[in-house]
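Shown below is the structure under consideration.
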Amino acid sequence: MRNEKELLELINVHLDPPAAEIKRKQNVSVSIKQENLIQALSFLKSHSYQHLSTISCVDWLDEGEFELVYHLFSYDDYINISLKTRIKREPGVFQTAKEIWPVAEFYERDIHEFFGVEFKGNDNLEEMILENWQHLPPMRKDFDTRKFVNDNYEWRDYNGQKHTD
Amino acid sequence: MNNNFVKGSWQEILDWAQNKSINMLHYCTGCGAIELPPTMTSRYDMSRFGIGPAATPRQADMLLVTGYLSTKTLRRLIYTYEQMQAPKFVVGFGSCTINGGMYWDSYNTIKQLDKYLPVEIYIAGCMPRPEAILDGLLKLKKMINNGEADGYKRYEENLEFYHQNQEAVLGEVQRTQ
Amino acid sequence: MIDIIYRIGHFILITLFTTALGLLFMGIARKIVARIQKRYGPPFYQPYLDVLKLFGKDAITHGFIFDFGAVMALGGVIATLFFIPLGSWQLYSMEGTVLLIIYFLAVASLGMAMGTVGSGNPQASVGISRALTQMLGYELPYLVILFSLIYRYQTSSVWGLMQAQSGSFLNWNLFAYPLMALVAFVVLIGMMGKKPFDAMIAPAEIGSGPVVESGGKYLGMLLLQKSITIIIELALYVNLFLGGADNIFSFSFKMLIVWILATMFGSLFPRFRIEDGVKFFWKWPLGIAILQALYIII
Amino acid sequence: MLIKYIFIPAAAAFAAYVLNKKNKKAGATITALVSAYLLVSLSLLYGSWELSQSFSLSLMGYQLEFLMALTPLSWLFAVLTAAISLLIAIFSIESQADFKFSSVFNLNFLLVIASIMGVFFARDFLTLFIFWELMTWTSFYLISSGKKKMAAKAAYRYLILSTAAAYSFLMAVIFIFQQTGSFAFEPAAQFLLNNSAPQSILLLSAISLPFLVKAGIFPLHVWVKDAHGNAPKEFSPFLSGMLLKVGIYGLIVVFHQLSFFKIIENTISYRGLPLLSYLFALLGAVTIITGTILAIRQEDMKKLIAYSSISQMGYIIIGIAIATPLGFTGSMLHLMNHLIFKSTIFLALAAVIYRTGTTKMYEMGGLIFRMPLTFAAYLTAIIALAGIPPTNGFISKWVIYQALIEKGYLFLALAAFFGSIASFMYVFKPLSTVFLGQLKPQHQEIKEVPLMMKIPMLILIGVIVFFGVFPGIQMNIITQISGYLGIESVNYSLYSIQGAFSAWNSLYIFNIFTAGFVIALLVFGFAKKSKLVGLLDTYSSGEYITDAESYHYAYQYYRPFDRLFDNLAAKSLTGFYETLTANLLKSGESLRRIFAGGRVQNYALYSVLLFVILAAVGWII
């Protein structure tokens, strides 16, 4: 049972993060270099952070980067850690975490589907929610939803007035 | 009494029975599903009009599409519709089925249900209240009784049109019909 | 020749009457359930409209076994019908022993099971597996009751058992052996698949189980089969415990009362899991039935 | 001239063996011809009950007499044997084309027929014992020639139980021989009647042990499942249809001809039935319940039907044990009918195995569209097994129920009801999982079996319905048997049997059944025509099915029911025997090390010694 400060101490000593802070009670945010991430994950897992809640992804279009966020939780400490790392948007390739958490395979599949991030070592990256998707991954910032809809669907015609006008 | 007359009046009897007894398959993917329990239970009780739920498409007469349809669910909806037996009627429910509603610019929800399936009647609203639902269903009953609810025939006649539209958004579609 | 025509006419008349009565009962049950749930409910003639509609609809079949199953289900119950005394109508009831009727009913169940499983839908198979398991649950106490009744009155024909209760209404088995009548009533609820014993049809879980693939005329035939089955089961109960009747009207009235009670009980309970249902049947109804049977044979 | 019925099949056996080496179909053809000859010639003997034959032999100062006679009882059993082996032989002409051991199969099959004939005609213990052992050994070879590895183990279990029982039989018989100086039945019956009752009962129990094993009664039923499940598919019908019944034949002989019932007549009784008989009937009831519960759990269709055989034998045992006119009639009827419908089931399954090559139910499905006649045979047979009118199975079960209710045997009736209702469950399992449901992709190309295999199934379907309408034909011979055994007979006509409380008319039942079907057909025919769709186009909550295999509900079909009995099944009797065998083998191994040291001569020496000791013990007693 550690509190947030002790956890931060532990992380600072062992993982050498560029930035780490206590966001609020029971919530710690840690940024980490991408080459250290897998090691950090297994380190935290061995220190009672056994639960990978999910993996999320943010598209920083202007900076040309994807931010992957690994949400970890400990049943001993009752603290959430958001472990963040940034990878280059092009080519958008990263390591899989499925050796550490088998469930990560599923989250990575989801991120691959909506952001187009490639996870090396994960060979099950087929479509999960979309079907026959041929375009840019839809959650990317450079995907123009309005244009896609205009191209692919027909608006209902209200006496010559289009719905979008 | 010629044969056509007998056939015609027999069809009228069947239509009358059909309008009095409608088994509804509620395809509850959208939020509209939440309006159905009050419509079915003691406050509004749709069963007094002879409308009741059905468990599978084989037993259903009416397909109630409650809310938005993503392309993925549209594929299942088409399959379900094709598994139903004529006479069968489609009711669009909520603005999402009419023009996309609040998902009007979403990349994977369809905007007009009637391009893909022959809709008999739309019930507008976001969400439509149970009164509106009952009103819509009563209109459908009247249409059935008058023999105007012929969506399944239109589907047969314009099969190519519907198939084209379906394939435009879904790509290849497995078919039973 | 005249005799044969008379017989056939009688066959058809009884079939029509029973079907109509069964559908009417189903309509009344829907109305009662609605009123218990504070609803207005469909009109009492709703099942007639349903049947008419279903026979007008298109239907699909999954091959000849699907057709054969539906015919066997309906044919089985119609055949069973002729063995049961319905008030003053005694077509073959002298021939019909109670055990024969119980086994004849199984023809219909087998037909329905075969046809629906023949559709290749696993949900139908699950439903049938549940229905058969539950049948083992309720048939045992029922057969023990029949055992004691036959032993008590030394006759195994329904007609004879009915005659044995004639005279005052205090001779009815309902009053002579109230525990037995109670057990039979619980069994009746199980037989008719009302709650709490309706896990085999479970509409939201396994898509109404056995009827999952039946639409159009197949569903219509199964509805007719169901309506006749209801009458057979009620008629058995009335004949065995309420002393039967000497005309069809008072007989129908007695059946109606039993049916209304069963419906009311049926609408009160949640659903048993299959093995819990079987356990229940083997614990209470079977236990009471055995005690009653021991009392009678000793 | 009864010896020819033993001699001809035995001689033909060797001919079949030799000829079958040349042509794969020759053996089965010879078997068919011999059985046909037996059937015809035995049928012509109907009524000549005085026929008998004897040989005498002088050996070591003893005058040994071998007696044979034709009684109504043995006539019935012999004719049934001939009939069923004829059908099986016709069936196996085609089905054995790919069977590796078909020569040995036919050799042994004919020898089994010969020895069974011997058992039925025997009127003294020595003849009975010789043929009984011959039957046990030959059927042992037949079972072990099944294709699977397990077959040998199963056969050993069968052999060990049979041998142990045979020794007890021999001991008792030698004891009786010491007292009476004869092996024949009649002096033995006289002696046992006059002897002290406990000793007679003990002797008769020892004598009936092999019959109990053969009939698969409750604590001794463990061999049945494995033997049936692993025997060659053509032999299973015979094993279940006839070999189990040989045990019943023996029991009838013990009960009536060796006057077991007369001995216990005046002992303590329950509801007018001697307690021992009642206990025996209870054993039958337990057999019904165990067989049923275990059958429902099986995933292998042959083993499932094997357990069902165990449970059906329970009915026959109950009927024989209560020994009322109705009970005896019912169990004789059930014996015949069980032979008929169980052979049908096994033949239908053999046809399925012939085409698919598996016995696991969950590896099949939807075969009805490929093998409709096999399905029809199976369906008719299970309707009979479940006791549904208008088939023969209903009649025999009905008579047994009448017998039980007449005397008010509540618990026996309860077991009978249980077995009957639960039989719906286990017979429906193969129907649903093998014949109905989704057709597996690897079985798309399957065809119906060849004509020679269809013929026996067609005949059996006809026989099931025929005896369902005309039970009077069976009743003719049963009345003769009960007259011969001194049991009152039951009133009957061609269409009906008079029960304890009422009779029914099977012709009426058949007509009404037809009427019901015609009305239903009319309803069906007048309605709109329906459209035929494929099996994969079924309701699947909107999901497309491409994989038939995963859309077929077959494995653990009655899981909710099985859960009720999980604890009971864990403590299975087989496990108990298994431990016993293991311990026995272990101690046997150490004994072997001490005494024999692996040399064959030593074994010979010990067996001679054992024989001497046994003889000495026999002398002293």
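Letters are used for the chains, namely A, B, C and D, taken in the order the chains are written, and counting of residues starts over at 1 for each.
Keep this in mind: contacts are C-beta pairs under 8 Å (C-beta built on N, C-alpha and C of every residue); 3 or more make two chains touch, one makes a residue touch a chain.
Quick caveat, the model's predicted, so the values are computed rather than measured.
In this structure, the chain pairs B-C and B-D differ in their number of contacting C-beta pairs, and the larger number is found at B-C. The most distant chain from chain B, with centres taken as the mean of CA atoms, is D. The distance from the centre of chain B to the centre of chain C, each centre being the mean of the chain's C-alpha atoms, comes to 35 Å. Each chain gets a centre from the mean of its Cα atoms; for chain A and chain D, those two points are 68 Å apart. In this assembly, the C-alpha centroid of chain A lies 60 Å from the C-alpha centroid of chain C.
Residue positions of chain A in touch with at least two other chains are not found. For chain B, residues touching at least two other chains, in rising order: 56-58. Counting partner chains per residue, chain C has residues 56-60, 207, 212-213, 216 touching two or more of them.
Pairwise chain contacts present here: A-B, B-C, B-D, C-D [touch as defined].
Remark: chain D residues 366, 368-369, 379, 383, 386-389, 394, 398, 401-402, 405, 408, 410, 413-414, 417-418, 421-422, 424-425, 428, 431-432, 436-439, 499-502, 504-505, 508-509, 512-513, 515-521, 523-524, 527-528, 530-541, 551-554, 557-558, 560-561, 563-564 touch chain C in the complex. Those residues of chain D that touch chain B in the complex are listed here as 533, 537, 539, 542-544. Looking at the complex, you find that chain C touches chain B at residues 30, 34, 37-43, 46, 49-50, 52-53, 56-60, 203-204, 207-208, 211-216, 219. For chain B in complex with chain A, the touching residues are 71-72, 75, 98-100, 104-108, 110-112, 115, 168-172.
Here chain B touches chain C in the complex through residues 13-14, 17-18, 20-21, 41-42, 45, 47-48, 50, 52-53, 55-59, 61, 84-87, going by the rule given at the top.
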